[in-house]
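Look for chain A in each of the two complexes below; its partner is chain B in the first and chain C in the second.
Right after this comes the complex of A and B.
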């Protein structure tokens, strides 16, 4: 129970922590406004999704939740592109992008925390597991923040590259959800790197959270990933040129 | 006359450019073919049946019925699928076309008890399996 809780929290929070750290490096000087713009829509969307989760999940032949999550992941990517393209909207749209990801992770975690019987049976494990999960996630985010700050000073393109990878990860998640809902054709599996780098390994887990690492990607996933990575990287390059 | 010729050439050029775009768009269109449906139940934090046979090489629809009051998350790394099924709820997910082999899955909220394996059988074995289990 304890290990399961730690893993659940890490799995949900690590991608969010990494994205938040990346965006905080970007909006370092206005981090208070960023936090404010992030907090309000996050809480609003989280409350709406959590309160209506049963209704949402029953929509569209039981695919409502997947389609909503894929929409939120895709919105996160689009908002990141928008923030790179339009300097005057950068703060607001990147905060909204992080809020989209928060609402997905938050609703999954709330569902796990409030599993019937969970809190009554093993409250200590739940509290300790959540604290450990949040702590590990936050620690990685802090390290990531300082690493990115250094990288940004050394070579600005490296920041654009990592932000683009993070954005493309959200599209990878969208495509996975759409494929399992049969809304997107997967195409043939392109490669199999499970033996080389398992998604369950520490590095695989980290790369999944950072850039959407997939050991067995399909053709449509790779095509979408490459396309969206290129678009976001191009948007980031334009942003640098404007400066 | 020249204008018409020019327009035709332009059209031919454009159609060549449009070919990869059309191919990409076709790739993203939902499949309308009939799919086999397989039912999987969750009861007392166990998957029933814990071994599910499906045909290899074709897309199949999994209908997961959660008979427990608590939610469960269907998770499979090898199938690349994860899906939350609310308490007393049902969920649909599509897998495949799969290579023949074993694909493990588990319940993320109860990983110690909720475990199962999906076995994709080649055509001949699948027909044999179907014949053996025809009621």
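Right after this comes the complex of A and C.
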């Protein structure tokens, strides 16, 4: 169905678009180098994962793909911390962090497009759905980029906060995959905000992409989220102080 | 440096894409919901029609009318269907019965069996309307949002031009400092640079002009003073030696030097009072007292010409102004009145206030100026009748130009008119209090 294709593309592309827009505001003066550093590892990782997807998914008792994705999400967070801590590595490591997210999103989308079960999606559904998904994702990224540029001009230090939220979101995704693979104990559910703000609503969807919003988070997820957010925020604050 | 064009194009395309796509998705969702309801309704109608066939006498209201004819006999009809055939034409057609307009479909699969199904047109239109309205609704709702966002984006993009324009319009006449702008877009950058270069060139030109006139006047002052002293000495020597000057060459030479000296003084004063250069030191002062001082200064000259001068009106008139410039203004007006009035003439100064204005009126009973000359006498070096002014009075043609500059400097007004005497000129100066 058309709507499923749109939602699939948005779910995969929106977090990547938001992270890329945030990083481009940071590296605006060297955006060409950033694009180069981002493009090469992205395409390399995407090709490797896509070509070896069957083999990867069969590893570790059939949990290979989930664990690889967890590793890539975690790598994304670690690379973001590194880019904030080491000024000389900032460009390279932040481009690699975005590349990690791209390889996950890209391989998931390729899997969705080439999956044998796609028979229920007509080619028109697929083309139109992907165009709508890419269009909405790219538009939000452009507007996000200009919003952050504007905030920067008004001397509002939003960058550290937004990058920390984005980094913590990747850890949230890691924890969700690890819990799903029984590699992490979920612990008790802390709260239930499905009625207040559904993950399926437009705002819930956006917040999920931006900061990993979860309507029913478990204890371990919340602890990890708070810890990672604090660490990355501290790293970003250190970076801004050095400036 | 950001390009306005790139910013507007990317942001507007992003906005249009986002809003249109979200509206399209909402429209898709709404239509899917309506279509689902429509299909459910069809299922309900079909189920009801079939159940009715087995429940004799049931008159349940259905959306559809149904007739089954076999060998020309009506073997089944639903509650809404009439006893006569709903349509004689094969396929789709429209007919009236049971007080409604119906869309009818007739099918004859075999020669013996005919099935006729009808649906009220109103119901069909209602369903079609619901589906169409559901798809249009998100698009229409998104329009005000689009308009608001376009307004915000365009206002934001054009704000540097607005700030540039505001800075230019708030500039004073003598402010030639460069315009400073933050976040200058690429399209405005060259305009800003060119404007600032123009200001810099203008400032240089004014400075050169100011220095040139002032320097020339200053440099001429010393040799002229020497010339005046030597002329005076030569004249004395001629008198002692008994040399006669029947053609009056010495007197003409003295008058020429005196005129040149007055001209140089006036040029220097003009430079000092030019609004483009002059930095007024405004202070609270008494215009009446200032007029009295000027009259006292000019009194020997006035007395020599046996003229009458009187100061009428307010004894104190307090206003904010530059004392030096205003004294020069009154002095030039009184001087002109005295110079151009005949021996035994009358001069009148009158001070009054009019709402927020102080008014000084200086009039005489001299020959006056023709009304068509009023606008020209404020031009620099312009003298009524040219150098051969009929009064024979030495003048530079700068006195009234200086007066006008001083009035402009004080944001006042000056006007000329016929004197209240039988002849002469009346000068009215209005200055803000």
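Everything that follows uses one rule, which is that the second predicted complex is superposed on the first by the 236 of 243 C-alpha atoms of A that agree within 3 Å, B and C clash if a C-alpha of one lies under 4 Å from a C-alpha of the other, contacts with A are read in each partner's own complex, and residues count from 1 in each chain.
Heads up, the rule we're going with is that contacts are C-beta pairs under 8 Å (C-beta built on N, C-alpha and C of every residue); 3 or more make two chains touch, one makes a residue touch a chain.
Note that this is a predicted model, so its numbers are computed, not measured.
Once the structures are superposed on A, label A:153 by its partner contacts, choosing first (chain B), second (chain C), both or neither.
second
Does chain B (first) or chain C (second) touch A:226, or do both, or does neither?
neither
With the two structures laid over each other on chain A, which partner does A:184 touch: chain B (first), chain C (second), both, or neither?
first
Once the shared chain is lined up, is A:176 touching chain B (first), chain C (second), both, or neither of them?
Touch partner of A:176: chain B, not chain C.
Just checking: does A:4 make contact with chain B only, chain C only, both, or neither of them? Give me first, second, both or neither.
Touch status of A:4: first partner only.
Counting residues of chain A in contact, which comes out ahead: chain B or chain C?
In the superposed model, B touches more residues of chain A.
Going by the contact rule set out at the top, does A:44 touch chain B (first), chain C (second), both, or neither?
Touch partners of A:44: none, neither chain B nor chain C.
Per the contact definition in the header, classify A:112: touching chain B only (first), chain C only (second), both, or neither.
In the superposed model, A:112 contacts chain B only, not chain C.
Could you say whether A:135 touches chain B, chain C, both of them, or neither, answering first, second, both or neither?
Touch partner of A:135: chain C, not chain B.
Where on chain A do the contacts with chain B and the contacts with chain C coincide?
On chain A, no residue contacts both chain B in one structure and chain C in the other.
Quick check on the complex: what are the chain A residues that touch chain C?
On the chain A side, the touching residues are 2-3, 6, 132, 135-136, 138-140, 142-143, 146, 150, 153, 202.
So in the complex, which bits of chain C are touching chain A?
Its residues touching chain A are 7, 10-11, 13-15, 17-18, 21-22, 24-25, 28-29, 32, 156, 183.
Per the contact definition, I'd like the list of chain A residues that touch chain B in the complex.
Residue positions touching the partner: 4, 8, 53-54, 57-58, 61-63, 65-66, 108, 111-112, 115-118, 176, 179-185, 187, 194, 198-200, 214-216, 219-220, 223.
Mind pulling up the chain B residues that touch chain A in the complex?
24, 27-31, 59, 61, 69-71, 77-78, 80-81, 83-84, 86-87, 89-95, 108-109, 111
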